[in-house]
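Look for chain A in each of the two complexes below; its partner is chain B in the first and chain C in the second.
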Partner chain A sequence: MIFGITLSFLILYLGPIDPVGSILGRQATAADIRQLRIELNYIDAAGNPVPLWEQYFRVVGDLLMLDFGESWTIQRETPVTELIIDRMPATLWLGFWSVVIALGVGIPLGLYAGLRANTFRDYASSGFGIIWRAMPNFWLAVIISGLITAGGALGFYRTAIVETQVSGTPDALNNLFTNVDIFTGVPYLELLSIPVPNPGPWFVATKWILPAALVLGSSSMGNEVRIGRTAVLESINSKYVETAKAKGLSSRRIIGKHVGRNAVIPLLPVIMGEFYLLIGGSVLVEAVFGINGLGNLFFNAVLGPDIPLVMALVFIFIMIQILFNISQDLLYTYIDPRINLGESE
Partner chain B sequence: MSDRHTAESIREELTHRDNQSLSARITENPEPFLRWAVPMVALIAVEFATWAGIAVGMIEALVVGVVAAVELTLNYASPGLAQVVADFQAGVAGMLRSVGGMLGEFPTLLSREVIPNQGHQTPDGAWQGTFLGLQPAVAWAIRFSLIMLYALVTAYWVFRGWLVYRDHYRESDWTPTDDIVSNLRGHRWGQFGIIVLIVFLTMAAFGSALAPSTVSQNIENTYGDESRIQYLSDDGTVETAFAGDANFNSKSKGTVETNIGLMSYDDYSRFHPFGTMPNGRDLFTFMMGGARITMIVSGMAITGAAVVAMTLSMLSAYYSGSLDLGVLTVADGVVSIPQLLLLIIMSAVFADTWLGSILDGGFLLALIFAFTTWPFLWRAVRGPALQVAQEDWVRAAESYGQQPRKIMRKHMLPYILGYLLVYASMSVGGIIISLSALSFLGNGLGISPPTPAWGRAISAGQSYVSTVSWHISLVPGLMIVLLVTGMNALGDGIRDAIDPETETGEGEEAAAGGGG
Partner chain C sequence: MTRSQSATMTDSEDPILSVRDLQTVFYTDNETVRAVDSISFDVGRGETVGIVGESGSGKSVTARSIMGLIESPGKVLPESSISFAGRELTDLSAEQYQSVRGSGIGMVFQDPQQSLNPVYTVGNQIRESLKINRDITGEEAVEEAMRLLQAVGIPDAKRRLDEYPNQFSGGMRQRAVIAMMLACDPDFLICDEPTTALDVTIQAQILDLLKELQEERGLSILFITHDMGVIADIADRVNVMYAGQIVEKAAVEDLFSNPQHPYTKALLRSIPGEHSRADGLETIEGQVPTPNEPADHCRFAPRCPKSFGACDKVPPQHVSVGDSEGHTASCLLYPDDQSETARVETHIEKESERTEEQP
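Up next, the complex of A and B:
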């Protein structure tokens, strides 16, 4: 992890970019530039350049203390944390639905193909998975968003039930929950309230995000179909399934208990790896659908160049990924008791 | 005494066995070779200018690459010396380009000049300037099919050459390669991948002859001297216009009046197989230009990544210990940043440097892709490399006193090369997708305009998807899907050919394949 941070630090601080120039613009005076360079900790008060290692420890130290600093170019002097929290809901909402779609479609399809191996339907769904995997996310996003906009072949989606937009950030996201005071009248507990989902905005926001989520989930979906299929094939031809059949277990029980559980093991890294694809994909999908989320923020921050913002986002992404890796290991031991955590690879 | 003698004789056998060179073997029995070589020479001679152009281009890329590496290291020591090196590079590149231009003068059979498709109608309705007076569309189709046919035949003939070598001139009767090839010959899915690869390589190499127009005439230099076209105007006279003006009146803008769709003509008698773009350029020409830069960049990137991964995996497997740990740390660091984010950061940071100006930004992109891809390849081949390092034959070679470098090359490399090939062809799909994604995002990322890039065509057509001009975004995307599917198929094919029994490492290759 530290190395990932170090790498981004080296690229951003040693690379030939000029944040001072982009903040001040062309008309900057030398004094302004000097002032800003001191502010940004490139040079110290006396005008000497701050050594790289000193900058490094300062930046990494701040990150580890979760002190992300202030934005440089996107919104000058706004705390980075504020910007990130502001953009977070849209990306979380998008990521949530894309994971739901990927898991809900990809795994059943893969299991289905594996159970009916080498039939026409197997080839159809495997072929679908192969082509789906080769599709560039952003292209799919362009095509789908184009089809849904007015006049497109899928234009009815936009107007069905509730008229929604396709691009942009759904406003409904802000009203997903209402805080309901259920303790009115109860002394001391009056201030407590619990969020209750609002069905209306909930539906609007879901409908709005669904095309984007479908696109974002697509890449991992293709992987899940492929790997799910081979995993099922492998376990279905194994001895223990034969034994279970010989014992006279119902096929539902065999699939659920013996095939399914063993097939999940190779699928787990793919499911957990989804996050990795989601982060990268969200930059593109958010750019196409015009969603104001973290991906968009990251893209603008890099072009800024808004170094604290980029560093903070990279830091957060890496942290989340580590969390995923740890939970993956924990899940492994739950699904497959044979795996021993103490063992190194 | 006798033991020593045996060792000596084995060494003798290993190093000097059948010490007859290939040329000697050919002179001994020249007939099969001649039967193969004469058609091969003929095949090359017909398209000599194109092949020479490719060779010169490759040499130039090599020079640029080597010099860039030298320059990068020198830049820290002495910027002045680096400048000298840069000048040297510019000089060599200029010389190579003039050599390439000279070689380009050689007549080729399947060129735009021999089978022209650009012509105009005379007032009486006949076509003038096109091949045999045919319609431009027919003339173009003939040339396109002939070139594709030529490329496939040539590729087959090269393979035939290997067969001839195997059957008549190779010293050993059998090598593992024979099995791989015979497995591949029964593997339709893998063959599909090979054909897709050949088709796209042909597009990259012969793009200017495949397209109805050239990149220079239609895209980059539309008001140049060679961009004048003749057409039959509405009042029945033949007039001359610049391609730029013709483009202006051939835009695909989403309404029925302003759309040149698939397989149609514009008002200037120009045929557009894939229609035109919103700025009136020919989409097919644009796609061919894009194929060229895509194949060059992804080829360079995957070669670079594979070489790094190969070297490091063998070094870390052979020496293991702290070296292995060091490589592991670096690889994990690179992998820990989501790939597309790292790509965006790096290409944004380095876009304005001189590196970004070589090959219209393609060289820099190739470097960045190589940098972000090698850890995945390294991870994939590390296991096999560690395995082979434990084998008896490596121990034996060690105890025999062979140099580590030679052990790695002779006893370890052949074993991991197959795995590397599989994972490389799986990863190249991700590179192709990410490359077009960067060009799609624009803003100084990706290939710099006006050089064609597939991603930019998709971006240009973004607002016309639901209109009659849907072809602008759809066609480039389908090309990418086809190419990436083909590369995955190739990987599948090689994997099955190397080891038909098992399907290994699904998880890793999936991770390597997923890009933007």
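Up next, the complex of A and C:
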């Protein structure tokens, strides 16, 4: 994590970028520039440049204290935290559906292919997986958005059932939930309310996000088909499955219990890697579909250059990645008893 | 008692398992492998019958055929008959077969390292057997699983139940597999080389355990191995398999004291320790052929020191040999009180009788 942050810091502070210039524009006076430089901590009040290591410790220290500062260029003087929270829902929504697509289609298809190995159905589903795996996101994103926007071959998608946009960020996203007081009348719990989904906006927002989510989830989906298939095959041809049959278990029980859990072991890293999409999103997909999420925000922040925002996002992405890696290791010890965290037997 | 006359005779009174003309073939792209080619044998109640043979002689395929575990591209041909406790197994549907496995016939496999599912505790897997086959669950199942582990000689059974297979040693794991199979309460146990992956000391312990359990529970056992020493130790009667066929059947004492088939003789001669060092170790030249063509000749003929012209043309049938009842061999050298032509005639006759019997 320190390495990642240091690297980003060096790129941002040593690189040939001029945030002061882009904040003030061309008409800036020398006094303004000097003033802002002091404000941004490039030079001290006396006009001497602040040493790099001092800047470094200030930036990293702030990050570690979770003090992300204020935006420089994107929305001047808005707290970075506020910006991120503002953009978070769109990315989460996109990530959520791409994970749903990848998990909901990829894994069942992989299991299906594995259970019917070397039949036509197996070849069909494996082929399906490989095709989705092989299509690069940037290409697929352009093709799909081309097909469904006006005039495209799949243009009917926009008007089907409810007329929706397929790019941009829909307002519906802000109305997904209504807080409902379901504890009214119950002492002590009266003030608590829980969010309840609103079907209308829910549907609109889902329909709007699906094409983008399909693009984002496509390659993981393909991966899961392939790895799921191999994992099932490996497990189903193993001796313990034969032993389980000899015990008189039904094939449903064998697949559900004995094959299932063993097949999850190789799938776990793929699944966990995919949850990273949830937050990390994809700069590319968000850019093509014009979704105002974190990916887009990150892209603009780098162009800005909005150094506090970039640093904050890098910090958050790294934290999430680490969190997922740790939880993946923990899950491993739970699923596969052969791996333990070093406690003695 | 005319039973010693026929090749399809009953080997024992009231057999629990009776296999007739079992044929299991594997269809591959360029050939049809007759892994088990028309074998017949019986296992009586409370008896241990051994099947011995080299690798690739069809021992394990025989076991899997009985268990109904042959999968595509393999197939048990419809002429085959496997009758277990009076029930014809080859006619059963997949669901019916499932009810025979476990509670009727249990099976212990060769490799205890892999026969247990690594992600579930040993106790869990034993309780699963109890639940499916005997409908025992909950606290009672834990108790019963513990008793079973104790019965197969695993100390500290209570703690062991909560351990995973990787925490067991090889011998302990095989004991756990046996406990798991006993949990199904089978009448019949197939042991497919259960001691091959274990060292000799553990091997002897497992064999003693099986004998003990057999006495206690009246189990019938079909014991498959390539190890003549193990067979001598555990089996009551032995079937010697070669290239998918049974070449000699005998009670275990007769087989070792008075082997008749040239293959059995050669096999016993190639066991180390029976001869002085100066002689070197006797071997059987050549390899077991892949039985990919119909049995219209003796498959051992190319390696047989005593083969003669007819061996390549006439499929040998089981004829009574030796002095004891139930000792048969399928070889054109027998019955040895007849002339060569008469012997060949006898075998041709028997073969046509046998093929007529089949529908």
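One rule holds for everything that comes next: the second predicted complex is superposed on the first by the 323 of 345 C-alpha atoms of A that agree within 3 Å, B and C clash if a C-alpha of one lies under 4 Å from a C-alpha of the other, contacts with A are read in each partner's own complex, and residues count from 1 in each chain.
In this section, a residue touches a chain if its C-beta (ideal position, glycine included) is under 8 Å from a C-beta of that chain, and two chains touch if they have at least 3 such contacts.
Because the structure is predicted, anything quoted here is derived from the model rather than measured.
Student: After aligning the two structures on chain A, examine chain B and chain C and state clash or fit.
Tutor: fit
Student: With both complexes superposed on chain A, which partner does A:250 reach: first (chain B), second (chain C), both or neither?
Tutor: Once the two structures are laid over each other on A, A:250 reaches chain C alone.
Student: Once the two complexes are overlaid, how big is the angle at chain A between chain B and chain C (Cα centres, nearest 10°)?
Tutor: Between the chain B and chain C centres, as viewed from chain A, the angle is 80 degrees.
Student: Let me test your reading of the model: by the given contact rule, A:328 touches which partner, first (chain B), second (chain C), both or neither?
Tutor: After superposition on chain A, A:328 lies in contact with neither partner.
Student: Touch test for A:135: chain B only (first), chain C only (second), both, or neither?
Tutor: first
Student: Should A:302 be classified as contacting the first partner (chain B), the second (chain C), both, or neither?
Tutor: first
Student: Specify the partner with more touching residues on chain A, choosing between chain B and chain C.
Tutor: Of chain B and chain C, B contacts more residues of chain A.
Student: Counting only touches as set out at the top, which of chain B and chain C does A:261 meet: first, second, both, neither?
Tutor: second
Student: First (chain B), second (chain C), both or neither: which does A:337 touch?
Tutor: In the superposition, A:337 touches chain C alone.
Student: For A:269, using the defined touch cut-off, is the partner it touches chain B, chain C, both, or neither? Pick first, second, both or neither.
Tutor: The first partner, chain B, only.
Student: Quick check: superposed on A, how many Å separate the nearest Cα atoms of chain B and chain C?
Tutor: 17
Student: In the complex formed with chain A, which residues of chain B make contact?
Tutor: 329-330, 332-334, 336-342, 344-346, 348-350, 352-353, 429, 433, 436-437, 440-441, 443-444, 455, 458-459, 461-467, 470, 473-474, 476-477, 480-482, 484-485, 488, 503, 506-507, 510-511, 513-516
Student: Hey, which residues of chain C end up touching chain A in the complex?
Tutor: 67, 69, 94-95, 98-103, 106-107, 109, 111, 114-121, 128-129, 132-133, 164, 166-167, 177, 180-181, 184
Student: Given the complex with chain C, which residues does chain A contribute to the contact?
Tutor: On the chain A side, the touching residues are 238-240, 242-251, 253, 257-258, 261-262, 265, 335-338, 345.
Student: For chain A, which residues count as touching chain B in their complex?
Tutor: Residues in contact with chain B: 1-4, 6-8, 11-12, 15-17, 130-131, 133-140, 142-143, 145-147, 149-153, 155, 219-220, 223, 226-227, 230, 266, 269-270, 273, 276-277, 279-281, 283-284, 287-288, 298-299, 302-303, 305, 310, 313-314, 317-318, 321.
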